[in-house]
Each structure stands twice: as C-alpha cells, then as structure tokens.
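Presented below are the structures under discussion, each in the form of structure tokens.
Each of the two complexes below includes chain A, the first together with chain B, the second together with chain C.
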Partner chain A sequence: MNTLTDISLIDWSRAQFALTAIYHWIFVPLTLGLALIIALMETIYYRTGREEWKKTTRFWMKLFGINFAIGVATGLILEFEFGTNWSNYSWFVGDIFGAPLAIEGIVAFFMESTFIAVMFFGWEKVSKRFHLASTWLTGIGATLSAWWILVANAWMQNPVGMVFNPDTARNEMADFLAVATSPMAVNKFFHSVMSGWVLGALFVTGVSCWFLWRRQDKAFALSSIRVAGWTGLVASVLVAWTGDGSGYQVAQKQPMKLAAMEALYDGTDQAGLVAFGILNPKKKQADDGVNPFLFRMEIPDMLSLLAERRIPAFVPGINDLLQGGYALKDGTRALSAEEKIERGRKAIAAFADYRKASTERNEADMKNARKVLQENMPYFGYGYIKNAEELVPNVPLTFYMFRVMVMLGGYFILFFSTLLFLSHKRDLTRMRWIQMVAMLSVPLGYLAGQAGWVVAECGRQPWSIQDMLPTGVAVSRLDAGSVQTTFFIFLLLFSVMLTAEVRIMLKAIKEGPEK
Partner chain B sequence: MYTCLQQYWWFIISLLGGILVFLLFVQGGNSLLFCIGKTETERRMMVNSTGRKWEFTFTTLVTFGGAFFASFPLFYSTSFGGAYWLWMLILLTFVLQAVSYEFQSRAGNLLGRTAYRGFLVLNGVAGPILLGVAVAMFFTGAEFRVDKANMADMSMPVISQWTNGWHGLEALAVWKNVLLGLAVFFLARVNGALYFINNIDNTALAVRCRRALWANAAIFLLLFAGWMIALLLSDGYAIVPSAGTILQQPYKYATNLQEMPWIAALILTGALAILTGILRTLLRPSYEHGIWWTGTGTVTAVTGLLLVAGYNNTAYYPSVYDCQNSLTLANSCSSLFTLRVMTYVSLLIPFVLAYIAYAWHSIDRKKINDEEMKEGGEHY
Partner chain C sequence: MKQTLKHIWHFYTEGFRAMTWGRVLWLIILLKLFILFFVLRLFFFPDFLKEKAGEGQQQKYVGNELIRRAR
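Showing the complex of A and B:
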C-alpha cells in the first residue's frame, strides 16, 4: 500500500477528481442560479406581456446557454471518473451509490435536456405558456439532478441505510428512503443549490451594474437588479440557515471535520467559535504541544451551541478524537484511534476468515466470522489505516476555507440588503460606488462556493466513505503516469474551455440586450 | 425473482444501448459535415439540425453509464477502471463536442469556428468507432481479473485489475472490435444522412445526402454482415449453472440465437427495417421518412445483439486472462433490494419518452431551412 508509486497514484487520482469537481462547480451554480432568475423573469413577461421583459429574459438566457454546455461536459467526466479512477469504490459501495446516479440520469437529465431545447429554439414555435413551462422545467431538471448527486455525496459523508454483505464483499442498500432523505442530504441539497442561487444573483446584479456603470440600458439593468436582488437576499439568508444545519450534521457525524474546521485540538464543554484566527505554522502534529494559534479571537460558547444546540456541551477536539476516553452522548466511552484501528483490522480479518470458510463450506466457521465481522463492522475502514495521524485532515486548509466561506456568506446578506435598499430608496444609476462593489462581488460568489466544497471534501479526508473506506483503498489500480497524463489533458482542455467561455461571455454581455 | 430482475435490467441496459447507437446519428451527421455541406449556410443548417438533438445523445450516454453503475456495478468498476484509456478517449471526444455547438458561432470563442467544427467531426468519427470497439468487448472479452476477497489483502486491496499495461488501447488491435466499431460508425452516418433528409428543407443538401447514402449504406451492410458472421463463428463463455463455473463453448452466440429465436427475430427484424429505410430512400427521391425505419431498426437490432451477449447463461464481459473471472449477470449485479428500487424507477421511462416525443414534435413541426438561419432567432 504505502509504496511511493501508490501514494503518487492516490494523489494524482485525487488531483484529477478535484480538478474536475472544481471546474464543474464553476459552471453548475451559475446554471442553477440563472435558471431560477430567468424563470422568474419569464413569468413576469408571461403575466404582464411587456416586451422588455421578454428581451431581458432572452439576454440572461443567452448567457445561461453559454455557461450550460461546459457544466454538462464536466459532469459527464465526473460521473465516469467514479469508475475510471475509483474502481474499488465503485464495487464496494456501488450498490448504494449507483442508484442516485442512475435516477439522476433518468429523472433529471432528460427533463433538463428536453426542455432546454424548447427553451432556446421554441420562442417562435410553441405557445407562450408551453415555453414558460419549459423554462421552469429546465431549471427544475437541473435542481433535481443536484438533489440526486448531493444525495450520493451526503451518503459518502454519512453512510446510512446499508449492510455489509461478506459474500459479495460490498455494502448493500437496505433502506432507500434513509439514503434519499438523510438529514445530511437534505441540508447539503438546500445549502448547495441555494448557494447557486446566490451566485446567480451576484452574477446578474454584477453584470447589470456594469451596464449602469457604462450608462447604457439603464431600465433593463434596474429591473434585472430588482429580480436578482430579491432572489439573492432570500437565498443568502437561507444559505446561512442551511449552513447552520450542515454544521450541526457535521458535528454529529464527522466530528473530526468539525475539529479541523475550528482547529480545535483539545475539546471543552464551553467551546468558542473562532471569529478570527491565525494558525501557527509550527504546529506539525496533533500532540506535539505547540499552540495551534498565533492569534485567536473567539465568540464564547458559540461552537458548543452550534454543534450541540445547548451550552455547556462537550465538543471533542482532534486530540480527544485520537485519544478517545471522553463520554459520548449515548453514555459510552469514546474509543481511541488505536482501538478503532484494532477493531477495523479485526473486521477485515473476520471478512477474510469468512471468505475462506465459505470456499471450504464450513458453516460453523462462517457463522463465527460473520459474528465478529458484524461486531466490528462500524470500524471496517479503520483497519486500513496504518497510523492514527492519518486520521487528521489538513487543518489549515479546512480552517481557512471555512472562514472564507462563512465570512463571504455574511457579506452577501449585507450586500443584497444594501443593494435592495438603495435600489428602492435611491437612484442606483448615480451611485458609482455600489455599482463597483456589485461588479467586484461576482468573483467572491465563486470563491465562497469553492471554499465550501474544499471544507466538505478535504475536511473528510482520509475517508472517501466516512469510517468505511479510506481514499487510498478506493482507487483504481493504474499506473500513476496514466492518471498524471489524463490530469494534464483535462487541465489543458478545461482551461481552454473556460478561457473561451469567459471571452464569449464578455462579448455577449457587451452586446447587451436586444434593442 | 432475483434472476428475473437481473434479466430485466440487462434488457434495460440493452435497450439504452440500442437507443444510444440510434442517437449516434448526431455523431454520424457531424462526420458528414464537410463532405456534404458545401456552403456556409448548408453547414450551418446541418449543425443546427444535429444541434437540437445532441443533448439527447449525451444524456443517453450518461444514463447508460448511470444505469449500468446502478444495476451492474462490477462492470463499472472493472471496465471503466481497467480499460481506462479507451473510456477516457471516448469521454474526451464527447466533451469537445459538448462545447462546440454553443461556442462555434460566438464572437470571442478563442479557437475560431473551424476548430469547433473540427471537434464536431472528430467526435463524429472517433465517438462511434470507439464506442463500437468498447461494446465489441462484450463479445471478444478483455484481459482482467476480479477477486472480491482481495478487499482483505491489506498490502493491495484491489478487486478488479486489468492485466495489461495498455489499459483498453489493446482493444483497438483486435480486428473484430474494429469491425464492429466501423460498422457502428457507418450506421451512424447512414442514420445521420437520413436524419438530415427528414429534418432539413433544402434540395441541394438532400441530393447530396442521398448520394452519400449509397456508399455509406453499402459499407455498413458489408461490415455488419461480416460482424454477424464472425459472431456466429465465435466461441463464447458459458456459465454452468449447477457448478457456478464458466466454460469456453464453441459457437456460443450461434447457440444462443438458436435457443432464443425471439432474439434472432429481433435482430433480423431490426436489420430488415434498416434495409427498408435505406432502400426506400434510395429508390424514391421524394421519400423523406427513411430515418424512422432505420432508427427503429437500429434500436431493435442493437438491443437484440446486446441481449445475446448476456442472456442464456452467457458471460457478458469475458475475461481472457482467466475465464472464471468473467463478468456474468449474476456475479456483477446489484443486490435484490437495489434492483427492485431501480425497477420502480424504470417505470418512469415511458413517461420520460412521452415528454421527449412531445417536446421533440413541437420543435420539429417545421423543418429547418435557410430562411430560419438568416432570421434573428436562437441558433448556433
């Protein structure tokens, strides 16, 4: 396992998946956000019959179209990469993980791709009502696909509704509803989709303010700002709310991720939330006694409150999680990392014993092995861990990215409230400063979304499936060189595509709405 | 019950495969872009004609992958993780295609219109050939081994592993694979030409499509006949149900057709329908509905072919490394529970097809013509 080539294979496989996911998440949130905003705009057109709303809708729809295709393209790669780069994973949990992906295709993608064609080419060919329905259905299709892929992602963070079957050497689904509606999935869905709405709203307000800045198409820009401003305000408040829900889920199911998000090494009953902090780069290991912070300003008790909904409440730190011994909520004592690793090895050994007994058709041994396996199954993945330190994710990355996401989230609420206030009470066309702020806020929306995914995905390392399968064991057995080559091909391809898209987008924006 | 669901899901996979090969008319049509389209307007009409359908091909490819993952995950992990380069090449050509429609006529597109159209042609040629090669491996097999007990091997927990370093590229050196790849490619061109005849209102273009049809149809029929003969003469891997072992069996696929005459009938009907569509179009210059015949025929024949690969105790993904490692419906499928859930989901498919047909119909009511290309509306 730990030979040099293998580590580089795992790293390159992760790099390739991360690259695809990062690029995918550049395009998808804008698709989700613009889909809602153009549907709202077209509804206004349908209701009022005013031609300028049709032109407004069509302008944003054009930008939607430019953005859409790359989201689809990177999504295709992402889906197939589960097979190409995470072969073990695909078998070990494919029985659960495959279903949402298939449902996504059957239920959501077809809806999206059918009605997007009507939406773009049907203006003169179908009735106004059917066209409006198609615009909504395109957005609903995109949102449904987000539902299913986030169900799949949430399941990796918090595997539920399955049992391990040693005969087939995999986890098998036992409760579909538990998988499809786990609280982790529900929170993740609303949090991610609504962050897409925020981005869409930032994009529309930013671009509209550019028109104001250039003193052209003012009426169009102001009406776009109204629609997007309200969408953005509602969405950013909801994002904060679902973010709190997601945080609670992480505290319950992935305490190590939470500890890394807060750089909390030693837990307490009255844990404060770090409002602002600078980490000490000299901190190398959890138990080296080095103070993790150079500077730390906290909101007292807040972390306990967010994580457990009460004060005082114990929030375990990284050292507590590694050393165990603290009392869990069900009254039992937390196991140390070493004990978990021990039990994981027992589970894997029992699995091997079971397979051996099964080929020899030795019923008694099979039964014994199955019993040991069941007892230790919750720790199965720990059996592959060589050293407890591997269980700690990259703390600085998770810590800082979490702060970037949260602070920007707060800023967006402030931004949209200010913008709406000014647009209703003052003359936006003359306020250069807010126009500039709106334009500069567009990239911040992208940054916040990416930072959120870094927290979610890097914060759960070393797990590809929490407690069950470490990333290193999930990987396809390829030579690192092949994966490295495809990584650079994708990097080049995606970057060219992105550059082309940005240029096309800028030109299309410059053209402005139809006159 | 479990066996029934496995068979049902193999049918769904085969059907999706059939629909996918039919929808490759988008690729086939694009491969004809520079052969048939002489003027800019003509090329523009062609691109817009396939451009309103490419999403379906793409989505079917994704759904084919997703459904395969959900119903036969061991195939997903073995083939995709093993034949890495083959699948990666397929994906790359489809990714290039996805952006090419939207970007080609836009100002500021970085590479210029010709490059994006070049990508469409590249995908149009390489996509069907490589997919055909990948599908041919259902019959010709591949070099891999599978051992589920390896999850307990702490030094190297690998379930599926390719046993050669070419990771799928070696399949391009097997003549039978290439034969099927080319057959799929020329079938896609036939379907593409017939689709243009039906979808675009332009006499000059229609005449050239008909002219192209002659050669492409002839080559397709020869390749397809060759493939069928090769298949009937091929050995296959048979499952011995009592022992659970896998044996190499001469003329396995011919035997399958003999023992499952309804599948033979399916393939034959499909082939005849394709032939009818081609002949009626070639013989009657005013006939425009050839695509309906060849389309239906393609779905039927390809579905039948894929069924032959998996039904009647046949290993559908033979391992030439060790035939006991071959993938069968039973050893690679999802659990009973998951197959059952997915079966409920599959009941939605007719509903999905119905709204696709409705939406498709409402856009295609009027053919594409050069007038439309000059108007200000949305087009590529």
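Showing the complex of A and C:
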C-alpha cells in the first residue's frame, strides 16, 4: 500500500489503539446507562418522597461513582496515541477534530465536575429539587461529551464540511454544522448512547438478581429491576431503530462495509438479509469464484429494503464495488476501483505539483495543480492503494461481529420483556432461573457494544478516513518495537485497573444498600 | 460574593472529608493521572511531529510523507 515496509508497525499501532478503545468503551456505556437509571430513580424519590428510593438511588450512585472514577481519563490515552502513533492522521484532520474535542473537554470538565460534586456531596446540603437537577445534568453532561466524540468518529466514516488546504496539508473546517449534525453522526450518537442505556439496565438487573439469588434486600432489588427493566426494554427497541438508521447511513456512505457485513460479493436488485450463515473459509479473494457461504438462511428482499428503503433496489456487492459500472442513484455510472485509484494518483500528483510550484512561487502552475487536486480530492486516498483487493475489509470478522451484535440486540428485547412480565405477574424472588439468566446477561451487554465497534471500525478498513487516508499512510514512521512495548505496558496497566474496578465494585455490591 | 465562595469551599471540603469509598477512588484517579501524564506522556508518547519535523515544519513533513508514501 505504501513505502512502509514494516507491516507489523501498522498492525501493532492498530492493536494498541484497538486495545485502548476497547478498554475505554468498558466504562463509557455503563456511565451513560447508570446516569440515566439513577436519574430516573431519584425522580421517583423526588415525586414520592419515599426514603427507600433515596437509598436505592444512593446505592446505584455509588456504583456509578466507582465506574466513573476508574474510567475517567482513559480516553486521554487515545489522544496521546493520535499524536505519537498516528501523527500523519492527526495533522491531516487536525482542524476538524480540534473543535469537537475541545468542546467535549470543556463540557465534560465543567458540567460533570460541577454537578457530580453536588450529586455525591449535596444530599443533605442542597434542596431535593436542586439535587435532582444536578443528577440529571451530570448524565446530560456525560451524554453531551459522547456527542462530540461520536461527531469526530462519524467524520472519519463520512468526511463532510471540510476543505483540504494543500498549503498546510490538512483539512480545514468549512461548515461546522455539517460536521456536527451529519446524519452519520446523529445516528451514531443515538445508537451508541442508547446501547449504553441497555448496558446500564443489564447491569442493574443483573446485580439486583444477584441480591435475589442471595435472598437479601429483596424489596430494593425488585424495585431496581422494574426501573432498569423498563429502561432496558425501551432502550433496546430504540437501539434497534437507530441501528436501522445507522445501517442505512452505512449503505449510502460506506457500501463496502455493508457488503462485508453481509458477505455480499455479487449485488442484486432483490438482496436478502442473511439471518444466519456460515462463511466458507476457502473464500480468499473477491473474484476467485468460490461460494462465500457454506450455509445461509436469508430473509428475502430485506437487505434491499433496509439499505434503500424500497424493493426492488440494487445493493452492490464487493465485486460490483471493485468493478464499478452499475448505475448510481444520481444516474451516473459507478467508478471501478481501478478508476478511483487512477484519480487518487492524479490527486496526489497534483498535490506534489502544487507544493513544487508553491516553492518556486509559480502562480500559474499552482492554480492548475489546485484545480486538478480539487477535482480528484474525493479519491485522494485511493492513490495509495496498490491492489484493488486492499479495498476489501476483513469479511469474516465484520460479518460475524455484525451478527453477534444484532442477535444480542434481539435477545435483549426478549430478555427485558420476559423479565418485566415475570416481575409484574410472578414472584421473581422464587424464580432462580431468570435470576441466573439476568446475571449471565451482564457480560453480553459488553460483548454487544464491543462487537458493534468492531463492525464500525474494522468494516471501514483500509480507511482511517473514508476514501481520503488509508490506515497505512496515517501511521507514524515509528519503530514497531516501541509500539509493541507500549502495547504490553497498556495491557498490564489496563488489566490492573480493570481488576481494581471489579474488586471495588464487587465489594460495594456486597455491602448492599444502606439499611 | 465572598460568602458564596466560602459556602462553595465548605461544600467541597466537607464533602471530601465525609467520603468513605471516595478516598480510595480519588487515590486511584490521582495515581492514574500521574501514570498518564508523568510516565506515559513523558516517556512513551512524545509529540512525534514536533520531534521529527521540528516546530513549524509539521506541514512540510506531513506533506512530504503524503507524497512519498504514494510511490
């Protein structure tokens, strides 16, 4: 792909970033989910004035605090990595990322640090109304932080609202609103935040069922289950809905990712959605003629409907995307990978010509080069691609992780419906099986969230910025050994911190609510 | 104004003093921030471009990288 001969540098840099992001995403969704649930619980306390709701709120608030304290600032490591491991990328996107991340930092610091203090210290010192407002504002602050981070991520999936400046070799913000409210960002935000609500609900129901299992604090556990159960059910349905919105955006902006999610090699007008499938491990290349599936169960026409909102509608497969030639919505013909690569090379050559002309202060050549660059800029990243096959992400990983996420999403709807039905119609305290199911469902919430991010991030390879910058060009020219070293330091550090969290969390859970 | 500031000061100091679980958590936060900023940032995560290209030369360095890596 590029002159970097050391492929292990790219792989270790990616592994290190993935490790940090995965670790960070252990804490974020639980913070978002618990913030909502404790706010709902405190609202009930505020409206009923019943002391047991105050104790219930305080218990979950304590667990929220532990998760928040261990998770806080883990995202900073990602920013360190941008500056060291991904310096070309950081420079290339600098101005676009700068604004959202700065806003995120300010919002996170002022909103969370102010109101979280009132939330923990203010029970007996401020009015009930002010305390409740602080609890909601803490959650809103955390959610707004997530907005800006997800705006930055969405921009990488679908770069909009910017202009590439060949003088500075970086993208500059041209339309802040387009960046902040792109449909990709909006869908990503709601889908990710609501998945956090689901995790929070799974956590609360799981821990509450542990109390039922131990036959202690039953009233507290049952009331917690009702609040979290309804939160989880509503959130699970909303996650499915926003997931559909995200899928539509992927179909429009990242068709290769969608094709990988479905292992769709040859497009069709009536594309079915693979409900269940086993991929053929002998399939090595897009055009090798090997059947991609050993087995599959399909929902007819569903992929066309989800991707284009109508039937029949053509959904391009991996081969179509590589070979081009099919009709696009605007009536034009889709370019082949080779044509895009050619235009990418033109863009990079024009960029080089511009810089040369700029050094020589040759205005006429600068103008010409800038024109060619602008015409071909949407394909800039393709200029680094040596072989069209490089444009295909890891299909098995994307395909299976997508199914893990979707199946677990469906399971959560079923789980919360069943739990709520039983909690209203039966005696949950005697039903050991559902208690066990609830406890075992907690890790599944984490798994679903991580699987979703694997689909989003691995499914968009080879791009770090869609169509503009491949991962191999984004990476800094570092020694692979040093990246490897920091990877293992992180692994150790994260393991220690995670162990600390689990131990503190378990100790706090065992202590139970105030008596 | 002075009175308000005094109230806020007391609010925080009393809050911190009354902490039980919070003490351990603050210790973890401070330890983590120390490791992040005084170990990782200083020794393992330098500003690559500043070191490699020098102050003010980042755009030239990245521009060259973007061109060279296409060859």
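Here are some notes:
Basically, the second predicted complex is superposed on the first by the 509 of 515 C-alpha atoms of A that agree within 3 Å, B and C clash if a C-alpha of one lies under 4 Å from a C-alpha of the other, contacts with A are read in each partner's own complex, and residues count from 1 in each chain.
One rule holds for everything that comes next: a residue touches a chain if its C-beta (ideal position, glycine included) is under 8 Å from a C-beta of that chain, and two chains touch if they have at least 3 such contacts.
Here the structure is a predicted model, which is why all the values come from computation and not from measurement.
Because the two structures share chain A, they can be overlaid on it, and in that overlay chain B clashes with chain C. When both complexes are overlaid on chain A, the residue A:Ala352 reaches chain B and chain C alike. Shared-chain residue A:Phe115: touches chain B; no touch with chain C. Legend: residue contacts after superposition of the two complexes on their common chain; A:Thr499 is shown touching chain B, with no touch to chain C. Once the two complexes are laid over each other on the shared chain, residue contacts for A:Phe176 go to chain B alone; chain C is not touched.
Looking at the shared chain after the overlay, A:Thr168 reaches both chain B and chain C. Residue contacts after overlaying the shared chain place A:Ser8 against neither chain B nor chain C. When the two structures are aligned on the shared chain, A:Ile70 is found in touch with chain B and with chain C.
Contact comparison for chain A: of chain B and chain C, B touches the greater number of residues.
With both structures placed on the common chain, the touch criterion links A:Thr43 to neither chain B nor chain C. Touch criterion met: A:Gly105 reaches chain B, while chain C stays clear of it.
On chain A, the surface touched by chain B in one complex and the surface touched by chain C in the other have residues 62, 65-66, 69-70, 72-73, 76-77, 80, 83-85, 87-88, 90-92, 117, 120-122, 125, 168-170, 348, 351-352, 355, 383-384, 473, 476-478, 482, 486, 489, 493, 497, 500, 504, 508 in common.
Looking at the complex, you find that chain A touches chain C at residues 2-4, 62, 65-66, 69-70, 72-73, 76-77, 80-81, 83-85, 87-88, 90-92, 117, 120-122, 125, 166-170, 345, 348, 351-352, 355, 383-384, 472-473, 476-478, 482, 485-486, 489, 493, 497, 500, 504, 508. Taken in their complex, chain B has these residues touching chain A: 52-53, 55-56, 58-59, 61-63, 65-67, 69-71, 73-74, 76-82, 84-85, 87-88, 91-92, 94-96, 98-99, 101-103, 106-111, 148-149, 151-152, 154-162, 165, 167, 334-335, 337-338, 341-342, 345-346, 348-349, 352, 355-356, 359-360, 362-363, 365-366, 376-379.
On chain C, the positions that touch chain A within their shared complex are 11-12, 14-16, 18, 21-22, 24-26, 28-29, 32-33, 35-36, 40-41, 44-49, 52, 58-59, 62-63, 65-71.
Taken together, the chain A residues at the contact with chain B in this complex read 1, 62, 65-66, 68-70, 72-77, 79-80, 82-92, 94-99, 101-107, 109-118, 120-126, 130, 134, 165, 168-170, 172-174, 176, 348-349, 351-352, 355, 383-384, 473, 476-479, 482, 486, 489, 493, 496-497, 499-501, 503-504, 506-508, 514.
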